[in-house]
């Protein structure tokens, strides 16, 4: 999950960036509540970053692209951090190897928080002095969006860390699960034709949402809600993980190699799942989560349906108000769907689409290191839409394109069925 | 590269399948001219299959899907061959591990040829008796197309085998290279709009070319010829393999891991390349070949252009007569472009597109094991178009979709530039 | 590095085990001075264990082999710890995968210290009640020796953890290095003949030191001191790491694979080394440390000498009083040799021998899980002798056999030359 | 398995080397009877070399160390063969990567035989002219011994190649197995004391058998015959492969990783084994073969015994005449023991000892590339003694030290029990 900076919303009347900056930065720190310093060190697989690293890297982003860029007298907090906390910006310089982030015990959590606060202070000065400079404002907006992405990753990463521990520790509390079975799925039809997709209005969007452009869609239908745990269990009971004819070849190879037999966090008895509150009973009506694209695709084939394309999804979502089980609900876990027109469209689980993550016609990456945010990842990944229970409400929109490799499943990723109308 | 069976061309007037069968089978055997039995055993990497295996697997295809299916009294030539020579048809049964095909010295080449001839005899009987049965005819057509695909793979595979040998042995002869520099590239413009792509007429097509459907294209332009060796060398001399900003992230990782610094078969002095005739001087004006998608994409970015989408390519190609340096030219090596409207469109090198290999809207895989031909590979691969110097003339068409992983480069794969008009 | 339990020193007059227990346990906790909780989590390679794990595993040893075995009413501190903190005792039950110890953030350091203190309290009770029971006393003695081994590993492991950090953090202080060059090496001759080796007297010894037995030695000579940094640098400058004729074949393969060009902790300019006090200048006269057996062997060959056998080493050491730069000196770093008869024999660096770690004639492993301490590791490893700067004074003796794989070099391992007399 | 050149047996009266040369070279070629050219290409694992490679490498040895060294006007048969067919002589120059030998189809078998015959002709000239030159004679003797080692490897390698083929092809014929159960094992006692081991007399020996030297042995006993298939099956039925307490730690790890559950070539029903004659019924009384050192060691522990040291074995064997199921018997498969004093001591199976392969006291490797024959492999391997059913009669002797890594099991390797007397 990565990003760029056109079309920034700087409200000319006040110093909006400073307030937004404070709010986003404070929420990040609020996320470490319930974690010990030891928790913040661990990298449980190469895709995961330590909590401590997220706290530092998001800070480096502001130091690198705001303070070092726009504050001539600024002195870096620590000479070694540019190398340690650069993620993948090749044009900034060399970086510490991603897969080894969990080997770095220093700076400690306290030292990282010192780093955050020092950069925050310098940022407040910069914003007080020149927060209305549009170049600064657009980079701050980008940095805040960047940090929100890492807020979600921090959640999914620490969940993965704790899940690897045989003691299955809890981090947050969750209300007791509801044992209700899911209601039968309903379908909503859409007419298709030449439609417009991609970001076109005001407000922030990443470069990968641009430009707004026309696509041709055949008529299609979407399920009114995401696939539920109980439905996914029926797929498993019908031999889902043992029938190669249901799988893409790469997916079947992965199933064999990694001996996949259930969603990532389900217990071996298929009765419980690991959550931010530790192991607890599966909720039959809640959306199934932590699926790879391969599993989502196999389920859809088994169900006689398919995944939607990202254009189909976006066309349907463009009319739906943004509300649902998002990060502000403080659940950090999918919930049974409510009664919305397209329930669970926003929040709960990211929905895998059948679309590869590729540039839109006319796409241009921004100049410079910032241009590495999104464009260079447009290979081998699949698009997900709609946000999850760990996505902030003001971070998601109908045109938002999230992307992961088809075998990745540590995100809150599920699916909604589609079919030709 | 894989396949299916709708819309077969059975000419009702005669027994066309039998003639076509004989012709395709004979051409396959003609390809082993110049090879020793020892050459036919080796598998130089997991993607490569031994020559002997291609000869046997294509035979197994007819034995499995024609003789065993339609000839009730047929007895298999050898009880062990169903397991040894099944490639990936999970619904047929278990198969020998792909990466170990080079460990199998028996059956010998002579025994494999005996197998071919026994199956040929039984097929002639079947076709004489019931060649006009449409189900049989369509499977024979599919088997012939399947075998033509393996004819091309046999060539690219044995080229790879011989290239790994420090003695750089030659297999065929080639005329002396021409030292001409390429002419400046010209561009042809296309209007775009809602266009139709995919196979819609008569004649054979694979299932992945179906159904014909509408897409929306913005105006675009294509280079009049593929990128030439001399141009690619200029990219290299400009630091192409050392500049991360030119590469997709996955591509840059691969460049580092495998220390790529030039096309697959170029010598370290960048003056010669390995060909079916052994090492020989690079031809500056000939299309550059044996590129991965990553390299093609990086070159295009360096050149200020991009790769075409498969729909753009198909729209342009649909008006172009099929002619060029195809397998019948017996070169098995790309040639400098002639004066066609879109030179080198057919033959020479497969042209990487920017399109992921995904199902067309409304795509349905056929029922049964044959349905595994194409559909299950629609993940993680990119589309190539236009055929190469190893593709038979009657095997290629404007709607033909070839596909490989973006890191693969042992095919005759190159590129043609595109840009927004 | 691993152990057993014959011949325990239980002084019948008092409760010696209790005092020894307290002293050893206290020293272990004193080692974490200077470390942050974050430091104690990290596992920088599979051979390394986190500090936190050492603290817990040594405690588990007493819980498992004393409290659970001899205290009928004892209740385990935590149900999950038996699985988490078993190292390799197959007969005790399943264990957490060694290479994943660094993924476990819980129990936290504070919780592990609680575990230690709870077990300490229960042990004091057990020892007060039945410390003179010989079975208990001998297991306590074994547990204390076991914990001393882990004291040394804790030091070498955390050194490795900190060394991987590009910030090169310091943990302890060290006096400034002395720039003196080493004095020329002198040799001491030994007569050989049929000699006795192995533990034979009173006092504790591991099972692998038993039984005392006869071996035949040809006359030989040992260098009066270990090889010094300055000498090892001369080997490097003479192309030591580029000349295959100096190396064992396995060693040369490792040099190529891992691109070894210097001892483990030397900086790339060969002027500094990483120590417990961070990076500091190399001391020319100090013993070279952190060599693999392959490097020690190659150096000896280059120097026209060889490594001693373990019997040669033991025969020479049996007459030498135990004194030197051991753990009590609180240096945790090798020092230039003093004027002892065989300087540096005790402490400073473990000395690689040319002997494979194999059972002595007549060796018998103890019954039960304790029998897994040493015997099962007698394959593929080489013997080191003499202790290091991280070995407690009362843990080392002439018959002590340490052992590591020939490619391991994160211990304080160096060499002393030998030759035929 | 590798070699050196002191103490050569040049009979001064005639040109013995020439006759010996012819005889050894002819036997090598006789071994390929029954193989197709395709068989001679395959390398079924990195330890295995293709038949074709053995034929060429043994020829290269004479070309390199005799013709190029002693025949000033000699021109190499082919410029590329020095690189292709050097095995591991670093001082000769770079070499083709061992693990890729199976990727080389050219030179073909016929071309390799041409190479052999051309070198043979040049060698006959050299030997006719100067066969009595002691330096030449000693190198020819070494080359002949070297070739005999490769004769055995050619057999074990092609057996491995054919065994990987699901068609289980046969290469030679074998008489029908005898269903007799083994007789109870008897023991022979030996007094021990200071004994001499190593080569000391006349006749050829490898450098690793030198110098003859004294060792001290405690009294011991050896089983009168090797362990039989029926006995090994009893170990398996008693849970041998499922009980970690029977195994060295490295062995147990290997059992898990490779899922070992029986000797290398036994069928899954434990009733048949793969032989040079294809799959056939197990012979209960025949020595068990194709065990790793780990399995031999675990069996011995289960049986309440141990493996002999190499000195114990040699001391016992020094009095036994060399006779048994060796290569000249043309069985290439172990046979039930006859009535010799120490039955099966020579031939049948190599017997794993408990001794690591290390230099004898006073060992010196020869100067130059020939010095790489043995010395550099003295790390990580274990000694085997006594020859196998694939060892030529005039190649084995009481002092002969064969050596392999403890996990290797594609040789004819078994065990004889030992115990303290």
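All chains are identified by letter, namely A, B, C and D, in their written order; residue positions are counted from 1 within each chain.
Operating definition for what follows: a residue touches a chain if its C-beta (ideal position, glycine included) is under 8 Å from a C-beta of that chain, and two chains touch if they have at least 3 such contacts.
In this text the structure is predicted, and so the values were computed from the model without any measurement.
**Student:** Which chains contact both chain B and chain D?
**Tutor:** none
**Student:** By CA centroid distance, what chain is farthest from chain B?
**Tutor:** C
**Student:** In whole angstrom, how far does the Cα centroid of chain B sit from the Cα centroid of chain C?
**Tutor:** Here chain B and chain C have centroids separated by 59 Å.
**Student:** Whole-Å distance, chain A centre to chain B centre, using C-alpha means?
**Tutor:** Computed value for the inter-centroid distance: 38 Å.
**Student:** If I count partner chains per residue in chain B, which residues reach a count of at least 2?
**Tutor:** none
**Student:** Taking chains as nodes and touches as edges, what kind of graph is this: line, ring, star, complete or other?
**Tutor:** Graph shape here is a ring: one loop, exactly two partners per chain.
**Student:** Quick one: which chain pairs are touching?
**Tutor:** Between chains, contact exists in these pairs: A-B, A-C, B-D, C-D.
**Student:** With touch defined as at the start, can you tell me which chain D residues reach chain B in the complex?
**Tutor:** Touch list, chain D to chain B: 36-42, 44, 52, 80, 83-84, 96, 100, 102-109, 161-162, 164-167, 169.
**Student:** Okay, in this complex, where on chain B does chain A touch?
**Tutor:** Touch list, chain B to chain A: 88, 90-91, 194, 213-218, 244-245, 247-252, 293-294, 297, 309, 354-356, 358-359, 361-362, 371-372, 376-380, 406, 420.
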